[in-house]
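Shared between the two complexes below is subunit A, which pairs with subunit B and subunit C, respectively.
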Partner chain A sequence: MEQFFQVLLSGLATGSIYALAAIGFTLIWQAAQTVNFAQGEFVMLPAFFLLAGMHFLGMPFWMALIFGLLLAVFVLGFLFKRVLVDPLLKHGGLSLIIATMALAILMKESVKEFYSAEAQPFPEIVPNGSWDISGVIVSLTDISHLFISAVIVIGLQLFLNRTRTGRCMQATAQNPGVAEILGVNVKRMVLYTFLINGVLAALASFLITPVYLAKFSNGEYLGLIAFIAAIVGGFNQIRGALAGGLLIGVLDNMTATYITAEYRQAVPLLLLIAVILFRPQGLLGTSEGREA
Partner chain B sequence: MIKKLLGATALSVAMASTAIADTVKIGFVGELSGGGAPAGTQYRDGALLAVDEINAAGGILGKQIEVSLYDTQTDPQTSRALVQKAIDEDAYVVWGTVYSSSTIVNMLVAQQNGVPQIVGAEAPNITQKGNPYVFRTAYGAHRGVPALTGYFRDTLKAKNVAVAWVNNEFGKGGHDVFIKEMAKVGINVTADIPSEAGAADFAADVSRIKEANVDAVFVYLHEEESARFLREAKKQNLQPKLVGEVTLTGQKVIDLAGDAANGAVAHVGLTAEANIESIKEFGAKFEKKYGHKTDHNGIKGYVAAYATKYVTEMNGSFDQEKFAQTMHGLTLDVAKYPGMLLTTSWDQDGELSRESFMVEVVDGKQVVTTTVAAN
Partner chain C sequence: MMTKRNMWLLAGLIALILAPLGQGNYVVYTLCSWLIFSMAAMGLNLTLGYAGQISLAQSAFMAIGAYTTALLTLPPAEDGVGGLGLHWLVAMPISVFAAFVVGLIIGFPALRVKGHFLAFVTLAFTTLTFLVLRNEDWLTGGTYGLVGMPRPDFGFFNTGKQLRFYYFTLAVFVVFCLLMWGIIRSPWGRAFKALRENSIRAESLGVDTRRITLLAFAIGSAAGGLAGSLVAPLVQFIEPGSFALVHSLKMLLMVVVGGAGFFFGPVIGAGVVILMPEFLRFTEGYYLMIYAATVIVLIIFCPKGLIGLGEIIRNKLRKDKKVRGDMDKGAQL
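Moving on to the complex of A and B:
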């Protein structure tokens, strides 16, 4: 039973980070009705911004963390929207989806070129150590990851539901035409969504990279898992992406512990197939029909 | 005028031919990106350091070494195509690959073309397939892992152990030898935990090892995975001794794992921390040139280059078949051949023999605890 709780906690901690990346998929979908296939690379890149701040600019860790966060918001939020999304969106979602695939390759290869193909050590932003609670070793890192992710998600939900800006963003996501008639600055709301995605990607990056180590290829797996989490949970609901991330994190660890470590990577894919077959809107998502 | 032009052209062609003839091409086929990059780039850097030295000293038989780099991206099929490409581009010898799962695939290409190949790979079956052109720069796992048996039995007095291994050619080779060795001395392997190459999350693996309640753990993973495993082991406060063969205590692993690497023990064929003057000198040169420390793969690359020089000069020609013949049963004494760093022998299968070391990571550094005689 101790093992079960320990694995459950590890799964939830990892899953909560997947959820942050998955929520990014949901936000971009709501703001631009498109899928950002560079989302995995969005999670990979901020860790390198932080490392660059430390190693090339000589910043102390916490300053480099803020530097990395701000740069991520600027590059992955503002620049991404202005340079890629705005010019391409008028040509339809498909062009943009293909462009994000190209962007993913560009980001990956650029990091490989400028920061080498080797994995880099990455400092833990939360304390190491553990508590022994009735035989269950509770890792401070896991608890911190879970706590930080929970604070971010709750904060985001409160922002979206309880603030005027948040409600304007939701109105823009639901019907931009009507929102504009009602006086909402739609362009600004869409920009806010991209900036929030930049923040989420950066925080996910800072939490997951100590486990994965900083490497140019990290986005491949993270992007896939976050995408699956978003679909499993419900692509159009933030709470769905959260549930999908947590579910995949727990399922992955439980499978590796109790069933098979060798085929653990197949489990999210099996789950994806099952959801698409039996509940295509996702576990917590709502149906979106296409009108003729 | 036309005569002058023709004369100048002929002279240029002649000069170009002379320039081409004054170099010998080597194909470096290695893991320069992908999961194997920590190993492949070290192997490359060690080899290129040696090439600079050899070229500065006049090259091989008066010819400068020209190295072409081919990145396998840690993909076996790509490595196979690149070995062919290197050979098509007239490589005299191929250096690499380091990953066994690539080497086992691409060495057939070198063999079919009669091109000697000096590899960093350690899976036992590489030298057990009757390939007369493949030569190691480090022990195969079937030579290295048995050196740990006594450590598990006598030093740790282990009764039950776990093995965490990467499920590919490299890992399977070490895993199979380890299982046999433990059976020989009556130690139970109570947790047998494979993981995929490139695995990032070892929480479940470590948890299973904790549940198995073992006395020690044999960790046979690649560099990055070893670092992730060590970090997770520290996070979950895993108590049993972590023991590895070569990679677990490599410099790259120590860099990546930080203080989580402290206390890990391994048998290593090569270490820059060995108290041997030639290796220390090499380590200092490497660090000066690249700004970071070498690991065993850097040393492998270095000796691959020098072995190529010494054997070719022994033969007095760039004859590839003769090269392979000379290598079989050869011993290069470090007193006469200092580039080898340690006296090194190859048997009739291309398997290597030389002194090796038991090391422990203390305060982020490898510390040699015992020297193991050549076997």
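Moving on to the complex of A and C:
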């Protein structure tokens, strides 16, 4: 029983980080009707920005963290939107989706060639150690991950629901045409969404990379998990992506511990297929959400 | 009567027949894999170019074709993984059929829903296939894969030598192209085209969009199975890594680079993807980066691919020949 709680907790902790990537994915989907196939690489890259800041520019850790975050927001938010999304959106969704796939390859190969093909150690941001609560070993890292993710998600929710800009962003996501008529600067709101996605990807990157080590190929698995979390939870809302992320994290850990390590990766995939088969709008999604 | 198009086709065929003469084994091998990947990409083109759906499972269907063919043609083994020792001519149709059926099963749930769900289901399917191939080593040889698939022997024509295998592949390719041409010109094919040009209008004219899309996807998958069925005897070594997700992406990009929706677009795209690394040897590891960047630039500036680029250049050179300017506007509606 003790083991069960430990597995559950660490599953939730990893899942909460997956959820960050999945939320970013959902936001982009809502704002630009784009499936970002490079989302996994978006989570892989900021860790290398941070490492580059520390090792090549000689920054202290906290400065590198801020440097990595800002660079990620600029490259993955601003540049991604201006260079790739804007010119392609008019050709229709298909070209853009394929372009993001090519972008994923480009990012992966660039890191491999320009940084390293080897897995790099990555500093742990949150405290190590563990508490023993009546036999259950509670890892402090897990708790911190959960806490930080929760703060980010709650902050994002508050921003989207309580601020004028956030509401404008939601209006843009729901119906850009009407939003524009009502005086919302739609283009700006879409840009904000991309910037927020950059922030979320960077934060997820800094939290998850100590677990996996920084490697150019990290994005393959992370990207897959982000899609699955977003689709399983329900494409058209943030809480769906959140629930999906947590669910996948827990399921993943449970499978590895109790059922099979070999087919650990298969469980989220089967879940995805089952959801598409029986409940394509996602577990928490509503079917009246916008269709592609 | 030779039309201009037929002349071009004939010239292309003659070029393909002459291409491997006097070349080393490696060049002939590369040409073989070009033809094989062309077939897989042409199949994918049905899904992407005509039905407008993204499939990331073409490498998984190649895996199905390759492993089925391998297991059916390998000689029975005393110990370890063995096959049934059947002839390729028996194994190939079974492989193609297997890919077709799996395509139907995979495509059915995904295509019920509007949107890009096929992309996700096929993404999951490719990863699942990879896991099964890696883990079920009693059947697939696990990470070591399967080795030594025999090359088909037709009695009077043994394809054991590289050059002979090339002509065998070429023959399959030509038959495949004719079949594809037939499919595109059949009522189904016209429905595919209607779907591509204007899916709403196609639907209003009574085309069952879902069924036709599913059919396009399944036929495309079968083409992947055929390609896999040829890869097994060509390489004579298959392992899960050869059919990983990245190869699906590669094939998808072949279709896009060549020109999605053009009959011979994928052949050009496959040529670029397979042959370019040979020319770009000197760039070493940067090759894939250069390639991905080129694809992005191409998609941004010329979404119709290289064939589309050719069209743009031709129209620039011959300004007088303006083909229905209103079509551009119509396409945007």
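Throughout what follows, the second predicted complex is superposed on the first by the 287 of 292 C-alpha atoms of A that agree within 3 Å, B and C clash if a C-alpha of one lies under 4 Å from a C-alpha of the other, contacts with A are read in each partner's own complex, and residues count from 1 in each chain.
Quick note on the criterion: a contact is a pair of C-beta atoms (placed from the backbone, for glycine too) under 8 Å apart; a residue touches a chain by one contact, two chains touch by 3 or more.
In this text, all values refer to a predicted model and were calculated from it rather than measured experimentally.
In the three-chain model built by superposing on subunit A, subunit B fits alongside subunit C with no clash. In the superposed model, A:T257 makes contact with subunit B only, not with subunit C. Shared-chain residue A:L88: touches subunit C; no touch with subunit B. Legend: residue contacts after superposition of the two complexes on their common chain; A:L224 is shown touching subunit C, with no touch to subunit B. Residue contacts after overlaying the shared chain place A:L103 against subunit C, while subunit B stays out of touching range. When both complexes are overlaid on chain A, the residue A:N128 reaches subunit B alone and has no touch with subunit C. With both structures placed on the common chain, the touch criterion links A:K112 to subunit B and to subunit C. Of the two partner chains placed by the overlay, only subunit C lies in contact with A:L272; subunit B stays clear of it. Of the two partner chains, neither subunit B nor subunit C is touched by A:I181. Of the two partner chains placed by the overlay, neither subunit B nor subunit C lies in contact with A:M1. With the two structures brought together on chain A, the opening angle seen from the C-alpha centre of subunit A toward subunit B and subunit C is 70°, to the nearest 10. Of all Cα pairs linking subunit B with subunit C in the superposition, the shortest spans 5 Å. The contact surfaces that subunit B and subunit C form on subunit A in the two complexes overlap at residues 112, 262, 265.
Those residues of subunit B that touch subunit A in the shared complex are 32-34, 37-38, 41, 167, 193-196, 200-201, 203-205, 207-208, 210-211, 224, 227-228, 231-232, 234-237, 252, 255-258.
Within the complex formed with subunit B, the subunit A residues making contact are 3, 6-7, 10-11, 14, 112, 116-121, 128, 130, 132, 137, 139, 141-142, 210-213, 215, 217-218, 221, 252-257, 261-262, 264-265. Residues of subunit C touching subunit A in their complex: 48, 52, 54, 109-110, 112-117, 119-121, 123-125, 127-128, 131, 135, 245-246, 249, 252-253, 256, 285-286, 288-289, 291-293, 295-296, 299-300, 303. On the subunit A side of its complex with subunit C, the touching residues are 35, 84, 87-88, 91, 93-95, 97-99, 101-106, 109-110, 112-113, 220, 224, 227-228, 231, 262-263, 265-266, 269-270, 272-273, 276-277, 280, 291-292.
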